[in-house]
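Per-chain numbering from 1; labels A, B, C and D assigned in written order.
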């Protein structure tokens, strides 16, 4: 039996990670931590989890069990990950602290890294693209929600070396903004509204660029996120100017080659909607060629809290501990 | 006193046009027509209008008064516009039947035109761009909702001749899909969802291309609409690859030159949201330069039923009858 | 292995029943039927089910397997239930056709019964109240959504004989109105709105009265439903004028005696919200005494499509086939 | 010209009061105050107001003009109202500080009153019921949102002396909870949810009881509010046990006598919905008799921020300054 702690279990993603692990056939959810809510039960704070565990204040001597899912904010995650790793705990980190590989870029977007000795040591945990590395990893950097959707949508084109240019227009539900009450997340601000945000640069931009580069597509991208009046769900619409002409059949083959055997990718023709992947680890992808401009327009839909965070963390844990990749996720 | 009929007054846009004209200081709302709902009062079908008129079956001998707003579906509008024009009635047509100037393009996207003798005779009624022609017009083709937002956002760049390429990602509330109950407009389908639609080509694409061409930007565009879970509101995010380098100051000047004196255009810096222009004739525009790619990203927000349809029709009527352009709209 | 057919699998409740049975450890989902959508796969019509079965036109010779969940409209259900029963199939019927025991009341509210020979032979399948009878039943009438919430909330008081009078104010999400597109279920009608409906009498009224009577509380009730802008979820607020004075402790004991060991009833203190039981078979109940009037106010929250329909059907199937009552439902 | 200050102009109700007064034909909006947002323009904080005034820190020497609308929280309002009154300014106060007439009840529900010398001197400003007193008043206590809807719905019955007992089930949009970001008003908490709140007693209960008493119905009531996932709108469903039998005709006459000539009350038959009075000063009322219990069920719908607060304040100002009651409100 493998014991797992979830650190930061009252955030939306942490709570779902705890919920999935509590019902997982292999892992045992040993601890869930939270600071302000310590002493309460997780199912009182988040009834839908139905996890009757009492929230505890993090204490490495107690919570460094076999594995941990760290659901702390960027910056706060790094030092606690370092503590856990020093204690031998294998970690899936939901923050951005171990996703980037260029220290200057990290510091520029997130501020000075708090555990520099570990910087760059995380395996980027997008199993459909990095399955082999995740399998043996001790520290997995769980991808950002937008990068998950964007990279899965673009990977077949990136690997084929045909992305000449790309604009990524992304749309997310309000849970992506986190659980802290703010004017932006107030019902009255978000409801009946749609607006772009972080229009001068969103931190997921360098992450997408880095991983596109790993796939062979080294180019600057345009990425623009928008906030929508719904709870969970993220749709990426990626406008690709191909660097070479591609027939319909060639595109079909590229996507089939990448995803026909993937358990969590659903290739579709026609529009995809985020409701169709709600509360799941699935990513739905479709694409269309625009005959008037030659562009390839790729649609990619996920649940930002599941495939974009918590369930993908469990998918990574499954791989790290040599379990069936879909265990506990279907 | 100038009498106006609204034809098709139970559609969302027709009802708002009636509501605005009923309270207009100059125009007199003389008739509102509807077929299935004839005999009912408009304020029973659409309480928010608070227009206590009885809906009538259209009869040109009765309803061809000084002016008419025609809120019929595409195809159905043309013959009735022809009838009205033959009777001397000045018309603002909300359909697409008189927007396009290339007959082949119209027939290709909408089917054979039903009043070919009038084809191409409508003045495109986007006052911020075509004010002078609207002023003397007898037949004004009210722009589509997406073209209104897209063209207002892009016009300063188009007129300056600096649009090298453009991708238009558009997001609309459900009222844009019309009042007929369908699976797509069912609450359960639209709520908590976002998806693209008409991914193989939306009819507003040639309309936007045509009017960009009038402004000097002749190029094929990529246009992709998305359906959002909200009532009214439309956000266009336009990604422009400039054909020439533009400084921040030059961009500021382009937009100021176009819009600083426009009563219904609100230039902003930072994100714009559709809730801020809800139930108004305003269009909010902001833009940002993406330093990593050089792209100019333009945001343009309107209420699809107001500036995108009904209130713009009244703005056009004001111009046609030599009234202050903002009369009845502030 | 016990094979189950779901008849009417494209309605919201039928689709969820199919989804639950497809993943059930004991039952095998053998067939899902639908008329207009026959030939399509259920997961194309309802992606969230992820049931890859092809929808078939109902044919009793093929679909009368061990058991069936019938998700037909009232009136349409009775004859097909009769066919299934004649073939020896055990049935859970989601319609009202076998819930009532007084034929005159049925005919008055629903029209003439279509399988009179079977009328009154259904066991009312609210396991928390009728578990013993469901266990051996061949025909179970699955309760209506409102009766489920109302009866669970009121049963402890009804059994104690202390309901002097009761007003039931009920609030439901839009899925309760069914999948057919209508003006009432159009996004624009339901969103940002709340209104009562069926104000001259809702069919669930006699059903609640009948079952309260079974519990010992024979009295006319006031029941008023309201439509809310959300997908799934039903909240019943029941205002009980007690016929005898009850102390706080006595009330605590009444509810504990009824529900402390129930796997699907969650007794709470404080407000309950429908989101907390979304997509589950749970019913959350709390109550408060109003010191100024002596009233007992009971809150009862369910998911109308789950505990109010589909998952309760599976709970009933579990009992009918002597399986653990929670199997496939946690 | 009569100058008006709005104090507390960044709350939802204060902002709408400013918006209405800025466009009012008679009043001049002289000042809008706010503490944290001082120096910003109101239309930057609340774009929909389109009031380009700069928010100022309250200073009685500057802002005690002819009249003031005070939109402060309970408790904070009383001392500033006292200052304004001392300076001769006529006041409409949106808080509860001057609504109650029994000091013990006020202190019990709100804490010790902060301007006891003025306690009880406010005229209760529900024009349909207290028009004559408002006309000459210097200090008007604007009713709470729930009392406005409940009292308008019940007044004809209360005046006729036929209310034997009443249960008031009330449902409100999220704006009623105010603009401060909290867990309860977070989009993720409120969306797709409905729950009761303040189940141990809501402060509007004694206010409703007091004013029912003024109308002749002295009785304890049961009042229970619920939070709904929508922006603005409040529906009261009042279940009245009549103390005498009333025919349909008698009820029609009672309601007609009270409201047939009221400009802001819309008597309807059939269901009423809050969307129908959104952004207006109207109250829609309908009722139905429950033949099985004899109860009269009254439905009353308002916009909680308009008729429930800001527009009713303007209606009161119109009366105080001898203007047409509907001026600036249609």
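Basically, a contact is a pair of C-beta atoms (placed from the backbone, for glycine too) under 8 Å apart; a residue touches a chain by one contact, two chains touch by 3 or more.
Predicted model only: the values in this text are computed from it and were never measured.
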**Shared chain contacts [subunit A and subunit B, defined touch]** = C, D
**Item:** Selected pair, greater C-beta contact count between B-C and C-D
**Value:** C-D
**Cα-centroid distance, subunit A relative to subunit C, in whole angstrom** = 37
**Fill in**
Distance in whole angstrom between the CA centres of subunit B and subunit C is 46
**Complete:** Whole-angstrom distance, CA centroid of subunit C to CA centroid of subunit D, is 39
**Asked** Among the residues of subunit A, which are close enough to touch at least two other chains?
**Response** 189, 191-192, 229-231, 275, 278
**Asked** So what shape is it, when you link every pair of chains that touch: line, ring, star, complete or other?
**Response** complete
**Message:** Can you tell me which positions in subunit A touch subunit D when the two form their complex?
**Reply:** 12, 174-175, 179, 181-183, 185-192, 229-231
**Complete:** Contacts from subunit D onto subunit B in the complex sit at residues 47-48, 50, 192, 275-280
**Item:** Residues on subunit C engaged by subunit D in the complex (per definition of touch)
**Value:** 167, 169, 171, 173, 189, 191-197, 199-200, 205, 220-222, 224, 226, 228-233, 235, 237, 239, 270-275, 278, 286, 288, 290, 292-293, 295, 297, 299, 301
